[in-house]
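So, here come the structures, one by one.
Both complexes shown next keep chain A, but they swap its partner, so chain B is in the first and chain C is in the second.
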Partner chain A sequence: MKTEYLTLTATFQPSRTRHRLIFPGLILLVLIFFILDILLGSVSLEVSEVITALSGTADTGVETIIMKFRIPKAITATVVGIALSLSGLQMQTLFRNPMAGPYVLGISSGASLGVAFIVLGLSANISPDSLKGLGNWSLVAASWAGAGVIMIVMLFLASRVKDILTVLIIGIMLSGGISAIVSIMQYFSHETMLKAYVIWTMGSLGNLTASQLNVLLLSVSAGIILSLLSVKMLNALLLGENYAGSIGLNIRFSRIIIFTGTSILAGSITAFCGPIGFIGIAVPHIARILFRTSDHKILIPGTILTGSAVMLLSDIISQMPGSDNVLPVNSITALMGIPIVIWVIMRNRKYSGIF
Partner chain B sequence: MNSHPVIHASYRYLSTMCLSSLLMILMSCSARNETKRNNSDLQENNGVFYAERFTLVRNDGYSKLTITDPWQGAEDVTQVWYLIRRGSVAPPGIDPQNILFVPLQKIICMSSTHLSMIKALDEEHTITGVSGAGFLYDRTLIYRFEKGLVKDVGYDDNLNKELIVNISPDLVMVYGVGSESLGYIGKIKELGIKVLYNADYLETDPLGRAEWIKLFGALYCKEELAEEIFYSIVEEYNELKDYITKNTNIKPTVLLGLPFKDTWFISPGNSYISRMISDAGGDYLWIDTRSSVSIPFGIENVFIKALDADYWLNIGSVNRKDEISAIDLRLEALPCFKNGNLYNNNKRSNSKGANDYWESGSLKPQIILKDIASILHPDLFSDTELFYYRKLD
Partner chain C sequence: MTTDGKTILSLESLKIGYTKGARNDAILPPINASACRSELVAVIGRNGIGKSTLLRTVTGIQKSLEGKISINNKNINDYSRLQLAHNIGYISTEVIKVSNMRVYDLVALGRFPHTNWFGKIDPVNHEAVIDSLEKTGMLTFYDRFVTELSDGERQRVMIARVLAQDTAIMVMDEPTAFLDISSKYEIIHLMNELARYRGKTIIYSTHDLETAISQTDKIWLLLDDQLREGAPEDLILEGSFEHLFDSSKVSFNSGNGTLSIKKDEKGSVFVEGEGAVKYWTEKAVNRAGFSIARKKRNTIVRAPSGKNTKWVLLREDLYLEFGSIYELAAFLII
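Let's turn to the complex of A and B:
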């Protein structure tokens, strides 16, 4: 394993000049996409209108669209991109598996179970239409509770089970079991409820109130801090837990830090925006290709920037500028993410050696 | 009764007929009604004028009932029934599968709109099974359910087929949301039970939907009573409509529904409720849209248009203003929210969530019309008590 790592560092020789070009380039790209995300939407607005709205002198309609709809949505997209890509990166390293993502721990299944209890579980007692009367926070709370329960179970396992592969398999099995329960609930629920649930699973970025956005920003910041703390652990874990342990890394402690970080990141995103797929798996791969390194000191900021750029672009596409309709953002991230993953795997055979 | 009324809430009026057939209907509407009327004069009013999805022809000794395209997206589907009086002999050459002996003595209804029509003909005692008893609004039916005289047969794929066989009804009346409903319906048919599609919710003309009472009239051999009920509805509805047209100049604009996340499913302009708003002297903001189902719009798109809305109706199952704020705070910025012009159609709903609007509303279009007209034009009627609607505060 050690020799493998050495050959990898040889192939992926980090070049400082390359990074000096890519980082500013990515920052610029994120800024451009952020601005485009505010400019483009299903209501067509002139640039001048947007500028007057930002200065607070536009008519109320345009101002509300910009200030209450588009800016919060653009911020949400950025945060979602950061959080999911970062947790995906950590999971890929921890499990040494290129197909790991933020949801391998069963976070999204847990969240969907929470939401299913609220959305589908009610249908036996309350009229399906009453879903529309459910407050914004109730879905968030349910989703968070579901993700939290799974997180506690996984943390418990992670500190007990020795082999990390076992944890991965248990995580996948747990997700499967939960999906089965959700399927049973879907089977017994009414069409209206089912539709509402399906819409939830498609993800949405544009529904956060200012207070929810604050909560999201806070929890994602906490997750990012945990990720930054884990840079050294992740770099050591890249060589496998045995090696990491032999150079003095406390495996149990690292697992708990990394799991907590991931759960906070993926759990809060799922709670507010639904399970948004493929960003978490695809973006770390893009970052690795761009920066040609597996060093997390570079990869973590790289993933943060790439993630927000990709997510903002997905949101712009899902709004289908100029059209009345919007597409579910989850479909866009999947349609963008899948080709990237395939391309990465086809193009870089050696690349799989990282894991 | 259970979701179905409410599904109808969300989908029924939204989910109407196909665009193409609708355009054809619109084009041929007046001419067709004319010829039908003339024909029917010859047959002593035994035709169907407003409803587009069924015809009823009385012949010697039997009636021929034809139901066309009974579910959303159905094309060229025709179902023919021969209604023969109990004790009479069926005319030769008719497939016994298509024969119904009337009057019906036991019926299972899958939608609540069926119940109110049967009740109007005073045949409530024939209802032996319903779908989702928890969502019944009618007190007599709830009482009969509690007494065990009415059974809950479940719904869709969870249909309790054994119970249905045990009840052994003369007829199971179903509604088709899509061709997928053929699956569970096929199974009941296989058990030798007759299944009739009721497509009332696909009618976009309020009077067309009410006209389905004639079908029940034929099923219970109470044709005259059904005609009487229907014509009083037509008369009242048209009188009201004329009165509204004559006495209103401005057309207040109307917004409908609620968003879910960042999508707002909008009832198209060719829907039942859109028609009702026009007849009530209102201007539905999405009157120009055409679709057989509700159309998903981006929330910002709806929001910017809704800034012009004077009134906001049919707001999900919301009971108070602050429930709207809980769904999306940004909706508070709409002028109709600020003005308090918020009216929901759930005045008559019970603690279990059953809403009479979806149970008896299809047979009372004139009352819905009057409700909406009194909301949009507060000075129009001296008596302003609303029946199905209520103001949210």
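Let's turn to the complex of A and C:
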């Protein structure tokens, strides 16, 4: 009898077959895109060239391309995809809003305000040459602070308006206000600093120095660890704060953890790669469609893999393989993300409040 | 108020409401009430009097302004959020609309206080989830999305979630609102069973006075000046329910615990007949604005009996026949 009962309850396990198929598929896709991202570009490379370059016996030109440019850029793309998508996922759950994302809610703008303070604000007092001496950590910390402040403001405002699209409009307003402040700062800042800032706003995956990449990797790892620690809290928050509290969640503590994780993830990327839009909002929805679950135990790894795949693909497309032109990666992510965002808005006309 | 060993929840001079700056806005006078193990308690009061606020305060989601709430003789302020979640579960009126969330996952969230930091559903937790789904009759729905459920099914799943939380006390805010009649009775039946056979103390708010009177062990009656508690029958005999209504419009019949809307009486009618036909004819006459006379009056309605299949109205020189109560009532209303 006992064994019969056990087999019976075993059949009532939620179906995981779908996940068993999709996870390996996504891992494979990320690997393929990662390799393609290294191989394709203005100079197309052969696999054999990459292997010889990695073993250190290739000619210096190819080795430089691979070791100094292609591999760091592919790693950056992966990390950017992971960080932006994860921060988007966490924000969507925290705000209980399918439209939440670091870019649309102005969190990236907040981060860029932090960067502007460092790059432009200090330029009045220091010489342009010392910009590098400011250090990557101060840049990234300013970015976190900017992202964190805007996030607190947004959460405060969003708790007062329940409507999803109103929150979105407030996000646009905040971004507008921030870019106005930045414009004023630009107006009063030194020419060289201004140029440095403008180039930064264009966003790029390929301009990171080795030390910047290290800072980025460390910060994003910290962010990922924080999200993994918040899996249970995020699941509880899906039910809203009243229910989450009633099942034993410490709302304030969980908010601080999720807040910190999200600000670190979104802020670090913005600090080094500029504002990159629509990945954070769109990728969690792709992951939900793929995995058909709301469980963050599945969604977090799912979003990590989907985010890397989408960002690597965006980078491959932006290289325009076979031509000498390079498109801004911002435009590619926007073109891929916006249809998904519109689809979510259209779907939400029916179920207001669902995500 | 009894305070024997069975009392699981007690409210002492409890003030509920909201803090605005430094000012406390209590919405009700201090409340004293209690509930025992295995009791079904209905919270009744007019709209906006503070039923939801009371339930949220009892659950610990909202801070009380003054006074004391004790669970098992221990102040709830001395419980941590997590310890409280082991003792008291809550269902609000808020509808869960998370897309891609399956019934199993929602009920598994009830295991929150029992799982590890990652929320892992081990075999023990899985067993508890399955058990709760089974008790609420929702086991076959385990793989469905919560957004695809009917109102009644969703309410059952919400109850399964609180069951999985495995608390001695379950607090539900209007669990039967928005439900059709059959789902409403199914939910009440389920709550009754959980109280009776699973030893749960269930405190729920409702506007359905008649069901509360016939099904619950105790009623917390929220009035503007106080909270009265007791068995429904005690409250009826004390005449407490009359305070709920504007007595010029609604009357509460303490004979059978039913409500009726008062109308200006147009006169009294004597109804001849027997059994169910007489009973329902009287109801219709009443509805049309006449009182029922005990003795023969000028106006007589003869209900069908024996060979006679029509309703007959006799008044002075008037003699009218009607094929149905509908036609009779239509005439009387004019």
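We take it that the second predicted complex is superposed on the first by the 243 of 355 C-alpha atoms of A that agree within 3 Å, B and C clash if a C-alpha of one lies under 4 Å from a C-alpha of the other, contacts with A are read in each partner's own complex, and residues count from 1 in each chain.
Note that a residue touches a chain if its C-beta (ideal position, glycine included) is under 8 Å from a C-beta of that chain, and two chains touch if they have at least 3 such contacts.
Please read all numbers here as calculations on a predicted model, not as lab measurements.
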item	value
First (chain B), second (chain C), both or neither touched by A:F272	neither
Which of chain B and chain C A:L229 touches, first, second, both or neither	second
Which superposed partner A:Y187 touches (first chain B, second chain C, both, neither)	first
Touched partner set for A:Y197, first chain B, second chain C, both or neither	neither
Which of chain B and chain C A:G240 touches, first, second, both or neither	second
First, second, both or neither for A:Y103, with chain B first and chain C second	neither
Touched partner set for A:I65, first chain B, second chain C, both or neither	first
Partner chain in contact with A:F33 - chain B first, chain C second, else both or neither	neither
Chain A residues touched by each partner, larger count belonging to chain B or chain C	B
Touching partner for A:R288 - first (chain B), second (chain C), both, neither	second
Chain A positions touched by chain B in one structure and by chain C in the second	none
Contact set on chain B toward chain A in their complex	2-3, 6-7, 9-11, 134-135, 155-158, 177, 258, 260-263, 295-301, 303-304, 307, 316-319, 323, 326-330, 333, 349, 352-355
Interfacial residue positions of chain A with respect to chain C in the complex	9, 12-15, 229, 231-232, 235-236, 238-240, 242-243, 245-250, 288, 291-295, 297, 351, 353-355
Chain A to chain B touching residues, read off their complex	41-43, 60-62, 64-65, 68-70, 73, 123, 125-137, 187-188, 190-193, 196, 199-200, 204-207, 209-210, 274, 319, 324-326
Complex interface listing, chain C residues touching chain A	56, 59-61, 81-82, 84-86, 88-90, 92, 94, 96-102, 104-106, 109-110, 112-113, 115, 117-119, 126-127, 130, 133, 139, 142-143, 147, 165
